[in-house]
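See the structures that follow.
Next come two complexes built around subunit A: one with subunit B, the other with subunit C.
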Partner chain A sequence: MTSLNARAALLSLLLFGLLLGIWHLATMNAGAASLATVAAPAMTPEQIEYARLMGKPVPADAGASTSPVTTKSGFPTLAQMGATVVHHLADPFYDKGPNDKGIGLQLAYSLGRVALGYVLAALVAIPLGFAIGMSPLIHRALDPFIQVLKPISPLAWMPLALYTIKDSAASGIFVIFICSVWPMLINTAFGVAGVRKEWLNVARTLEVRPLRRALEVILPAAAPTILTGMRISMGIAWLVIVAAEMLVGGTGIGYFVWNEWNNLSLPNVVFAILVIGLVGMTLDGLFARAQKAVTYAD
Partner chain B sequence: MRIDPLEQGAAAAVDTMPDRSPVLVRVEGLAKRYGGTPIFEDVNFTLRQGEFVCIVGHSGCGKTTILNTLAGLERASDGHVIVDGREVVAPGLDRGVVFQGHALMPWLTVRQNIAFAVRSKWPDWSKAKIDEQVCKYVALVSLTPALDKKPSQLSGGMKQRVGIARAFAIEPRMLLLDEPFGALDALTRGTIQDELLKICAATRQTVFMITHDVDEAILLADRVMLMSNGPNARVAEIVVNTMARSRQRATLHHDPQYYPMRNHLMDFLVERSHPVTPARSIP
Partner chain C sequence: MSDLRHDPYDADRPLLMRCACGRHGSEAEHARQLDRDQAVSTLRTRADAMDTTDIEAESNQFVEAALVKALFPQDALRRRFLRAVGRGSAMAAIGSVLPIAPLQAMAQERGALEKKDLKIGFIPITCATPLIMAHPLGFYAKQGLNVEVVKTAGWALIRDKMINKEYDATHFLSPMPLAISLGLGATATPMNVATIQNTNGQAITLAMKHKDRRDPKSWKGFKFAVPFEYSMHNFLLRYYVAEAGLDPDRDIQIRVVPPPEMVANLRAGNIDGFLGPDPFNQRAVFEEAGFIHILSKELWNGHPCCAFGTSTEFIQKHPNTFAALYRAVLTSAAMAREARNRELIAKVIAPQAYLNQPETVIAQVLTGKFADGLGNVRVVPDRADFDPIPWQSMAVWMLTQMKRWGYLKGDVNYRQIAEKVFLLTDAKKQMKALDQAVPDGAYPKFSVMGKTFDPAQPDAYVAGFAIKRA
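Right, the complex of A and B next:
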């Protein structure tokens, strides 16, 4: 078992090295190409101006062409990427106005939105899921609505949200709410409806009151299924927040990505992508742990 | 062995049973129909306080439905179940049920499973008092070492014993057992039968139990109710076990009354359980 883990880790490291190697080779060529441009014959002032507008190197900048500043519009080399990572991690929480905030601060904005929308969704979805799971009548009555609303892309709600709520921050939270509500709702209903009849019969013969039955029999019995729904919801919420913040703007990791794209700063974009992935992985890991805690062997 | 006349109604039932203790349960004209066809019909019997009654019959004769009706988990199509002078309309703490598949909650330990039942019966008891009651009944089924284990860590026999302890721990007026040992191997079954016999003797518990096992019925029951096959099943005979109540599994088969009774029950199951002479009565 340990040897399997060790071999897997080794293979992962090799793959990582391979990826870095490919990255290095690919960016090396780009660097050579830009050097070739530098060696081009002299340009007219109009051509230089045009080249500057297009983000291409011009003869006047030739001396500085190896510095990160001029090549930042191109795909970064490994060294530039490393410098960017260090730069961001050195001071993650600075705030120098609307378009210049530390990555930690941006993440905190995104996580805050996700948390708020997600908690609201859980507050709605779990009790409603209980009702749907326990009552076949409610299940059948609500099923058509759920089936229609579930496949709608959460971002499609954005215009309506912006119009009705008239607040972009609240609209972002609403979008997170609407995208995380469905998996939680459906899984809760499914888990509650699937609670084994013999456990309910035990509760009946013991004259357990409805609230106690819900909290002490149905909830623990359905908890693994409910947590699966919550985990899926969290995954979707983290996917959607990036897109939502690109639309809404202002703050957050999604806005950061879009802003750095407008700055043509690919190292920052790549760094943000990595951070999004790592945070998503951490969130999923937390839910996996919670899931393990409530799962029972039968 | 003695074969009781079948009870035709409430009045008759009392008259024909001049036995010792008062009647605890009276079942009158019970019937269950799905669509038009009755599964069973015209089921009448009484249970006396402290009595151990087994019901034997082939699958599909409605034994479990009768037990569930006694428990209040199911409603009969016709007839009444009267426990202690009151009609059964819902499940209640006065009737403990041991389910076929133990029905323990797998996320709770043995202690918590039984405490759940004890707390349902006596909500205002202190934690210490509940725990004392739990330990007492766990000890009764000799599972004290397994108190803090989850059901998944127990064998099938141990789980069923926890189920029995849970039913006993609420000290019900009557215990309903739905084929509790059906899934157990013969050795385990024997041990738990002895245990059950011991506890019943100690607590004078009234028990109504479903079984497929004729030997189990002879060992445990004071009376054995034989049901004819469904649909249209009925209680065909009620056989009184006249062997002394101190009977034991190890020596039971040496009793001269054992084989006649066993043969009678087997003959019934093999040959005479087919229906359907309505309301037959053996003189």
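Right, the complex of A and C next:
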């Protein structure tokens, strides 16, 4: 078993190295090309002026300012990417007014929004899921609504939310809510409906009251399924937040991506993508742990 | 490429991972910040030189003159009196019987601000220059306002946030307040244009592959992007291609794309070109994705583009705050109109919190010395300008185009709408208060692509076009 883990880790590292290698090879040309133009033959003053306006290196002032090259957009080389990462991580919590905040603060805004929308969704989905799972009548009655509402894209809700709620921050939270509610609802209903008949019968024989039956028999029995639903929902909520913030703007990691796209700054966008991925992974890991804690062997 | 500052084997230099003052990620950033601070302080000094004390002194003198005039309705009498008692004792005598000082103070006093903490939305384009620069240069603070300028993702969001009252005032496309007030593409909410933000400053940018197709007659099937339906960009693009005999609804496709996404779409080949706001025309050139086909200035020199506005309700509830905002933005506009300030302004508005663009791109737009993407350096000092006067004839022109392309149906009372939405009188009043030059009239004529527009005959103007929907 340990040797399998070790081998998997080795393979992962190899793949990672391979990816970096491909990246390096693919972007090497761009760096070389910009160096080549420096060595280009003498240019007329107009050409030099034009090159300067275009942000290209100019022979005359090669020593004075070499920075314009880095402001050009394009896929970053590994070195540029590294510099970007260091730059952001060096000071993640700076706050220079509403339009310029550190990556840590942006993440905090996004996580706050996700948490709020997600908790609201859980508060609605889990009790409702119980009701659906315990009563076939409610299940049949609500099913068509769930089936229609479930596949709607988060962004399709946005205009409607903005128009009716009349508040962009609340609209963002609403969109998280509406998208993360369905997996939790369906999984809760499924888990509750699938509790073994024998256990319910035992409870009935012992004349357990309905509330106690729900909390002490059904809830533990359905917990693994419910947590699976919650885990899927968390994944969706984290997916949705980026899109919602790109649309609504203001703060958050989605706004950060949009703002850097505005500047066609790919290193920053790539950095944000990495951060989004890592945070998503962490969130998922937390739920995996919770899931492990409630799983039982039959 | 090799950044020697971080050379760990250099014995002569400290190994700094940050700048000397410790607040910036690198020395380069530190230098940029210093440069920017310098620009801010220079601009502030120039702004201070522009106004205040002499205006106040002048206004005091005016109050006094009015009083003396009331005492001596006939000028001959006044002169005889002054000659008889002397200037000094005359002043003292009049001062003892008349409350000159309190009256002067009253004329100076600006009503108490109803609301001090304001949120103002903007789209990160150079059109918003006056509104943005007023923030780092402290023009809002000088009026006693605590303004937050908030970058916004698109025009539809600006509209929604204005209607939802999340913003107190905003950067608008100048046809937007007309459209929102009329309930076109929105729930009808009365909106006003306080000032025009900028004139000129747009361009048609085409993808590099169309380098040899400069004649609009050959553009059949092209896909163009504009920032919003109710925009000067849309109206000017339609006008331009229609003049070349193309029907903008049938022969070309016009899509609504947020300005920041235009360059990416152009490079990806999704669109053939766009009539968009700067800096994205210049950015497309900078990225070698496109070239500037024609400046909007060459279609209609002095055309309005964006506006500074707010809802009628806000003005009614906060008249003094609104007047203070007016003064801040008009001061900004006056600063932005001066050519010598332009390069410094580019430094101030280029950082991440505002436009988030390379400084050279912004500087090329504002100074008018720019690369056109075809290998030429062009010098057009009025490529972008910031004339704030909201001429009502401009509103009438926008309405004629809305009518022409079927956005607006039925009979239109052009003047009534224009006068309700474009606050020309207020703008003139505030400009006078700031001692700025104010031209006369409300409906100047102008010419669009060589054709004169007579605001007195809007219906005839619409009827005169060969290609139209109305």
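The working rule: the second predicted complex is superposed on the first by the 259 of 298 C-alpha atoms of A that agree within 3 Å, B and C clash if a C-alpha of one lies under 4 Å from a C-alpha of the other, contacts with A are read in each partner's own complex, and residues count from 1 in each chain.
In this section, a residue touches a chain if its C-beta (ideal position, glycine included) is under 8 Å from a C-beta of that chain, and two chains touch if they have at least 3 such contacts.
This is a predicted model, so every value here is computed, not measured.
Judged by the touch definition given at the top, the superposed model places A:E46 against subunit C, while subunit B stays out of reach.
By the touch criterion stated above, A:F16 is placed in contact with neither subunit B nor subunit C.
Once chain A of one complex is fitted onto chain A of the other, the partner contacts of A:M246 are limited to subunit C, with no touch recorded for subunit B. In the superposition on chain A, A:D167 contacts subunit C only, with no contact to subunit B. After overlaying the two complexes on the shared chain, residue contacts for A:V208 are found with subunit B alone; subunit C is out of touch. In the superposed model, A:D100 makes contact with subunit C only, not with subunit B. No residue of subunit A lies in contact with both subunit B in one complex and subunit C in the other.
Of all the residues in subunit C, the ones that touch subunit A in their complex are 1, 17-18, 25-26, 28, 124, 148-153, 157, 160-161, 163-166, 260-261, 263-264, 283, 285-288, 351-354, 356-358, 360, 364, 369-371, 375-377. Interface of subunit B with subunit A (complex): residues 71-73, 90-93, 95-97, 99, 101, 103, 105-108, 116-117, 120-121, 150-152, 170. By the touch criterion stated above, subunit A contacts subunit B in their complex at residues 198-199, 201-202, 204-208, 216-217, 220-221, 223, 294, 296-298. Of all residues in subunit A, those touching subunit C in their complex are 31, 35, 46, 49-50, 52-55, 67-68, 71-73, 79, 86-87, 90-91, 96-100, 162-163, 166-168, 246-250, 255, 258-264.
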